[in-house]
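The letters A, B and C name the chains in turn, as written, and every chain counts its residues from 1.
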């Protein structure tokens, strides 16, 4: 199968090139969109200011200016730093992002990989970023970075569990670990016999959706869970010593991951690339699907960023309490309920 | 007590309504007399500006004891500040018309020329502190004369923990050390700093580098014009 | 000096010994973390050496002096009117309030009293500078806890207050407007109505902060029960202002002090909070901004007419004597002890600034808390570096 069901047959290397380019787009496009739309503009409006206005109409070229600025900067590293670890860390974080995007289907035939353990893969590769952050924290040879790295590790490990457990409900209901089939299960589902909008799992798995969003917020180290980069306490944690290109890589990684997690949430709970009223096998979805998916992604990430700009941050121990005492029991409850209802209906 | 400003201070209160004055005056006098009873001979002098403020001067040995008495018996539980005054006349010219400080640091200042303020004094350095009673809203200033060029006095920390930083500041600025202070190191100045800046014989370097503009920037009062002000300026 | 060297040595040895003891007890190696002097959470250049066990603070020692300007020494070579220029820079967010106690102390020595109109305008500006100062705190405390939005609202609305201060005094930050015997100028035309509009904005800002910060569950979990200062400890450290009122001490010099401002002629209330934690300090300050708005509103309605300057000599010579005047400034009690020898310049000026005492409690209050709470407690104590270092 090809990425798009084109009239011409493509050789394997051609397909690979197209997929590589599209993967790059799939990582950079959400990152750029989110940074401009939410971080620059929505945040500014929420804080009653205009945000960037000079570069391009409404500051739309600000992003390019920022990237240009970072590219010009010198690539500094602390003298005491573990150089190899320090330099490799941003690439490890970004690798996790790139691997994560692979499982996302954007249409009936528009996918990067289509495997039966897609959900499992997604949740597994998302943990790789912990290693990158720990590397950054340790390799910087700075106490702020070390504290930040350790906080990040503790936090990401703690919130991995509710994240996985929240998705478990979806998996049980769909009866598959294949992401594409989860989308199809929602598209073909019926709500008490009415199949007008399919059956987005948001309705049946609402608790799971909330837990998933909270856990994603923590995975992304965004407020209220931004202790690893708390700028008022530990400056910016593991990012303290990074400059220029490497900082930019972390930055892209953060926002691309935000986009991809939102897209995952959209896929698991909002029906993914499917738009109600159309036939999910329609070839049109290979073109419409990515647009629908991005639209749903923006919807979910709006929530994520809204929380980000509103809430103060927790303390590390309060965050762990929230994870272990509230989210994990709730998600286990959700699984049990889903399993029981699945058997009954 | 016999200093000339006493009379001037008292003049101030006459402008205040006499009724109010009497009441508050009473409270402060009671305070002073109870302190006289508790401290005995250690209370050297006292001064009350009715309705405004109170001062006492105690001996150096009873400095900590006085704090205890004030804290325990008079409920002066609010620590306000602790500082010091150097009464030695400055060897540097401070006249308005002096372009810069006249360098007369080798000139020996006659210590007998020293004039003390409220409650008098006998030595060059005086500690000055203020404690307050928030419930009656009466505060009292304490003074004590310190012996010698680098005096030592007992720390107030056992009674008022807040005195810690104030004593460190006094130490570095005046060279007065406090016995039993747990951490008597410089607060503001770098540890290798030499000298004690708030002593009167410590020269102010910025005045030496650039002459002081002096009186030229005295501004006009509303309703006065330039000519008049120049006249007055020359007269003074 | 020999003495200093030996005390330093002793304290070093004592530190080493205490470290060794802690390490044996817990079998972990403590870590020394240096917060500052260039740290985003310190409003300037305060440095705090924190000894950590994990994220728990074993001991915290503030190091100051990066900004010490020696105002007490400099005041000794300035004439009285020139000193106000210096003291303006002590608490730079509410600078007009810094001038007031100094001028009042000089007036007490000179036995002059400002005419009523000057006193009313003085009080209005005094309260406006409190609003400008504390409004920034209300936003800043939230940003120290990680919420980015409130501080922008604070800067937005503080700007209007600064505009009003500027249109009277000509200076946004350093008005230098107070004079011995009165004030420099009268109010500009239309100022009263404009100020009323600004006060309405500040009221709605307070409501916003009530919803956005005080009502926020995360803010409450982060601040309630954190950094509790009992009233007796606070008083013996000399804590003042909202910091001591949030420990339940009902003491406000505006009501109790009775110096030459006209707060006693206004209808307002002193707010206290029994808890003494970070939340209480935030809450009390929020209420105080509201009270200040109420006060300014009443002042605007009731400013008497008349002169703004008393009769004072052309060249100000202050008679010999000593006077201490303290007022309830935005950060707490600020006082000036002036020793005059009848000269053009003060003989000695002791500046009692609020933040110096407020911050001196940090080694006590920071013991045993977590690193994030270090920031929230410091933020809630609300200091300004110029007010510590003078």
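The working rule: contacts are C-beta pairs under 8 Å (C-beta built on N, C-alpha and C of every residue); 3 or more make two chains touch, one makes a residue touch a chain.
Since this is a predicted model, take the numbers as computed values, not measurements.
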Topology of the chain contact graph, where touching chains are joined (line, ring, star, complete, other): line
Relative to chain C, chain with the most remote C-alpha centre: A
CA centroid of chain B to CA centroid of chain C, Å: 23
Length of the line joining the C-alpha centres of chain A and chain B, rounded to whole Å: 65
Distance between chain centroids, defined by C-alpha means - chain A, chain C (Å): 44
Residues of chain B whose C-beta touches two or more other chains: none
Residues of chain C that touch chain A when the two form their complex: 31, 33-34, 39-41, 55, 142-149, 152-153, 156, 212-213, 216, 218-219, 221-222, 370-375
Of all residues in chain B, those that touch chain C in their complex: 4-5, 8-9, 11-12, 15, 52-53, 55, 77-81, 83, 85-86, 94, 96, 115, 117-118, 128, 130, 134-135, 137, 141, 150, 159-162, 164-165, 173, 175, 177, 182-191, 197-198, 202, 204, 206-207, 212, 215, 217-219, 221-222, 224, 229, 232-233, 236
Contact set on chain A toward chain C in their complex: 43, 46-49, 143-144, 147, 223-224, 226-227, 230-235, 309-318
Residue ranges of chain C in contact with chain B within the complex: 1, 3-4, 7-8, 11, 64-65, 68, 70, 72-74, 76-77, 79, 81-82, 108, 111, 113, 184-185, 232-233, 235-240, 249, 251, 256-257, 308-309, 312, 314-315, 319-324, 326, 333, 335, 337, 339, 341, 343-345, 348, 350, 352, 356-357, 360-361, 364, 389
